[in-house]
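Each of the two complexes below includes chain A, the first together with chain B, the second together with chain C.
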Partner chain A sequence: MNDQIIFEDVSKFYGEVLGVNRVSLSIPPGITTLVGPNGSGKTTLMNLMTGLVQPSSGTISVMGLSPSNSPELFRILGYCTQFDFFPRGLTGWQFIFDSLMLHGMSDADAFQLTVEAIERVQLGDAAGRKIAGYSKGMRQKVRLAQAIAHHPRVLVLDEPLNGLDPMARAESIALFQELGRQGMHLLISSHILDEVDRISDRVVLITGGYLIAEGSIQQVRQEVREKPMQVLIRCDQPAVLASKMFAINHCVEARLHADGRGVFLRTADIDQFYSMLNGIAAEGLVKIEAVAPADDDASAIYQYLIGSDGSAL
Partner chain B sequence: MRETRTNFWKHLAQQPWGLWWIQGRRLVRIEVRRNLFSWKAAWIYFLAFIPTFIILIHLVADRHNATWMSDDTNVLAGIVQLYYVRLGVFFGCLGIFSRLIRGEMIERSLHFYLLSPVRREVLLLCKFVAGSVSAVLLFGSALLVDFALMYAGFGAAGTDYVFNGPGLGQLEAYLAIVVLACLGYGAVFLLLSMMFKNPTPAAMLVLGWEAINPVMPSILQKISVASYLRHLMPVSVSANGIFALLTVQAEPVSAWAATLGLLVLIAVVLVYSCYRMRSLEIRYATE
Partner chain C sequence: MSVYKHNYRAYSGKITPAWTRVLVLAKYGFAEAWSSKITVGLFTLCLLPPIVFLFGIYLANNPLARALIGARGSQGQMIDAKYFLVILQIQSWLALAVASWIAPRLITFDLADNALPILLSHPISRFSYVFGKFIALFASLSAVTWVPCLLLFTYQSYSSPVPWAAANGQIAGGLLAGALIWIALLSILGLALSSWVKWRVVATGAIFGAVLVPASVGAIVTGVLRTKWGFLLNIPFMMSLLWQRLLGAPERGMERFSLPTGAIAAMLALACIICVAMLTAHIRAREVVHG
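Moving on to the complex of A and B:
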């Protein structure tokens, strides 16, 4: 069986409103994060790959299966949506147990998997209470438990960390990492960019319905190599260093670090920049303590790729 | 041609009927629980049992004489034809069946079903069965109690009418009418709830259509639930004024033809509903 999630030239229009446009994407196993502002098309992509909406054009394949009315797909896929609603009157336990029963498994198996899922998300005794009385964090947990209860091979998580307290957030991230290590496909959307770096093997950047970059964060950074890159240089005389770099035309922007012991320099040619920096260090005029890319993370890359108004460059 | 037919049956036999049966039973159990045991169902209980309450008062407050039994038989026939079929079952089914898909869209919980490994057609048909079971349980049991209370006051004469006379046959016919009404209106409202965000205006049009249908040409009478049910009534209701319109016997049809006609109508509506269900999209933001 194909182990990839494949979008081939997929477009989705809601009437005249663009959802996503001509997206072609191939996602291997591991943790992949969809990054983009609200309304960028992240949820549409997730709904398309789970068959909740149908593509206007193009084809989608999840592990070789089409998402359109495919019971086989939902045996291997779990989707934790961001819809914060549940069937009326159910306890957390009933919600998970009922959904497992629809897989056609025995009562004993459904019971066992329900217990396991509740333990995994650490819902505890709250599972016996009505969902209507849950906090937002608990509702998020029970949704996650329902999505992973049947041991899916593909797990789609739409803003899974929303509403979680720091402790629950850390536990969830650890769980995602564990699932990713087990070879599961995890597709996560998040707008909390500093969490993306920690948990994802690859990122997919999307804005305005258009895919703008995909790959590992380093690969994506490579894709936008022609864009100015920012480097933090720790040194004893940051102002002198900045003026030197400006003088040799390899610096397009400079900003002093808040502690006054470093400078952020933005350059359009990183190779030349490092070469010149080595020259300045050899002169001994400035004592350089450390050099590190300051924007080799998803947040910075994302800022490069979209304009201030959120439109693609 | 013969090969095509063989392939069709072979294909049919290869379907996972056992799994669908298990999933169906569980879906129906979940849905019936939600239909019958929630505060939102209270008004449907009210619709079903309001005649029961009135008949109970009649039993307690009025004198019963065996010579008046035919009057009570006519009243019961009127309750079934003019209240249950035209109003009680109609609005009860509107409440139950329009909630099955549209209600879950409004409550934003339908996606949980669409993300389960159940074929959408199986899901829709199971929801229909669950709605039918709920409606039949409510209105059928109400009718049983109505019937028992209506003849309880006549003592031995009432018992004789029910067990040695035409009573049981009439009860069977009334129950058949209620079951068919639940199935017929259920199928119509399930489809309407998938076609319209608010199915109530469309349901009001159906109500108007059902009311004027008896005076329509016979070809148009075939597109009506109540017109089929009229032919199954064991006791003809004579009414005056506006009610006369509702009880017109335009063209006599045998009971089996009326039942078959209604079942065909239900099947056509359900097949089209399944077709719509296949392409149903979750777009809660537009609800």
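Moving on to the complex of A and C:
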């Protein structure tokens, strides 16, 4: 079976409103995060992938299956939507159990898988209470539990960290990382860029229905050539190091760290930059303690490529 | 790129047949329909006429009881097709009230809560979703239509001093067929109209309106054009004709406006097709995009 999720030239229009336009993507196993402002097309992309909406043009394949083949697709796929819906009057346990029955499990299997899912999301005794009395975080947990309960190979999570307190957020991220490490596909949309850095193997940036960039965060950052990369160098003589580095013409900005024991340098050619830095370190004039990229995170990429107003730059 | 252990195992157990999953949705529907005290109240109200008619059958078959309550004449009420037609008509119109209350509860809450994406993110189709709701509504309406009607028929068969059931088999068949046609139409009409409005009260009004407003238009057409074909818009009239024919009751006073059974069947089928088109257009798992 093909282990990729593939979008080929996919467009979706809701009447005259653009959902996504000419998206081509190939997503391997691991954690992929969809990043973009509100209305950028993240949910449309997820709905297309899960067959809940049909593309206006193009083709989609989820591990070799067409999303229009929903009975087969939803055996291998779990979807946690952003909508806060639960059938009225049910407990968390009943909701997950009934969801498994809808997946076609027998009573015995559904019982066992419900226990397992509740343990995984650490819902605990609250599973026996009515969902109507749950906090927002617990409602997120029970939605997540129903999405993973049937052991899908692909998990699609629309804003799964919304409404979670820091502890629950950390637990969810740990669960995502564990599932990703085990070889599951996780496609997550999120606005919380700090957490995108922590959990993602890859990011997909989208705005206004157009794909802006995709790949690992470091790869994407290196491709943004018009924005010189910023590197933080911890050393004993930051001023000397800055003057040395300015001798090369691709170093465009230097800023001392607030504690005086480091310098932020911007460079248009990162390979040349590291080569020069090795030379300076070998000379022994400056004792270099640490070197780290300062703007190859999701937040910086988002700012460079999409901008704070949500329009692509 | 991480190094994956690839030790994740997808579920590989047995899968139940697709029809059993529809029953899960029907169960949701039942729970939603019967969670309201008004539903219970309506259902109780619907049981009152059968109790009255049950008493009528008892009196008709029991001269001593008639004498005790002072009923005159040696003959009691005639229990025939006409008697059961009245029962069927009363129960059928009560079923309209029940349908207009329950159907919006089955659909409008899901639409208002944006529930369709999460429900349809399972190995079930839109058809299965609608069919599950249909089963819940159809079964609820059965409890107030053909079930009490056939129970009364059975009681009459048991109580009658002469062999009665064999000679009146058409009545039982007519009760069953007439009620099934009516509640199937009500169920699909109720679900279709509920899928168009998110506000439950409006949906309830729309269901009544869909039955009664075309009847008024049909009456105007009939009056102005002096043609009986305007009654093809009159669902209550068409159903009355159909029930009379199915039960074998006489069509007294309606001969002038009598419509062919084929035309009635065609109009009911057309109404169902329109309802299916409405459901197809509105039962979709996507968020509404404004703008």
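Basically, the second predicted complex is superposed on the first by the 246 of 313 C-alpha atoms of A that agree within 3 Å, B and C clash if a C-alpha of one lies under 4 Å from a C-alpha of the other, contacts with A are read in each partner's own complex, and residues count from 1 in each chain.
Methods note: a residue touches a chain if its C-beta (ideal position, glycine included) is under 8 Å from a C-beta of that chain, and two chains touch if they have at least 3 such contacts.
Fair warning: this is a prediction, and the values are worked out from it, not measured in the lab.
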Room on chain A for both chain B and chain C (clash or fit)
clash
Output check: A:113 vs chain B and chain C. Expected answer is one of first, second, both, neither. What do you get?
second
Which of chain B and chain C A:71 touches, first, second, both or neither:
both
Comparing the two partners chain B and chain C, which touches a greater set of residues in chain A:
C
Mind working out whether A:88 is in touch with chain B, chain C, both or neither, as first, second, both or neither?
both
Which partner does A:101 contact after superposing on A: first (chain B), second (chain C), both, neither?
both
Chain B versus chain C as contact partner of A:230, first or second or both or neither
neither
Partner chain in contact with A:183 - chain B first, chain C second, else both or neither:
second
Figure out whether A:151 sits in contact with chain B (first) or chain C (second), or with both, or with neither.
second
Common interface positions of chain A, toward chain B and toward chain C
14, 47, 50, 52-53, 71-75, 77, 79, 81, 83, 85, 87-89, 98-99, 101-104, 146
Within their complex, chain C touches chain A through residues 1-2, 4-11, 13-18, 20-21, 24-25, 27-28, 31-32, 35, 109-110, 113-115, 117-125, 284-287, 289, 291
Applying the document's contact rule, which stretches of chain A touch chain C when the two form their complex?
14, 17, 19, 29-30, 43, 47, 50, 52-53, 70-79, 81, 83-85, 87-89, 98-99, 101-106, 109, 113, 143, 146-147, 150-153, 179-184, 201, 216
Listed in rising order, the residues of chain B that touch chain A in the complex are 19, 22-23, 26-27, 30, 34, 37-38, 40, 104, 107-109, 111-120, 278-279, 281-284, 286
Touching residues (chain side chain A, partner chain B) in the complex
14, 47, 50-54, 69, 71-75, 77, 79, 81, 83, 85-89, 98-99, 101-104, 146
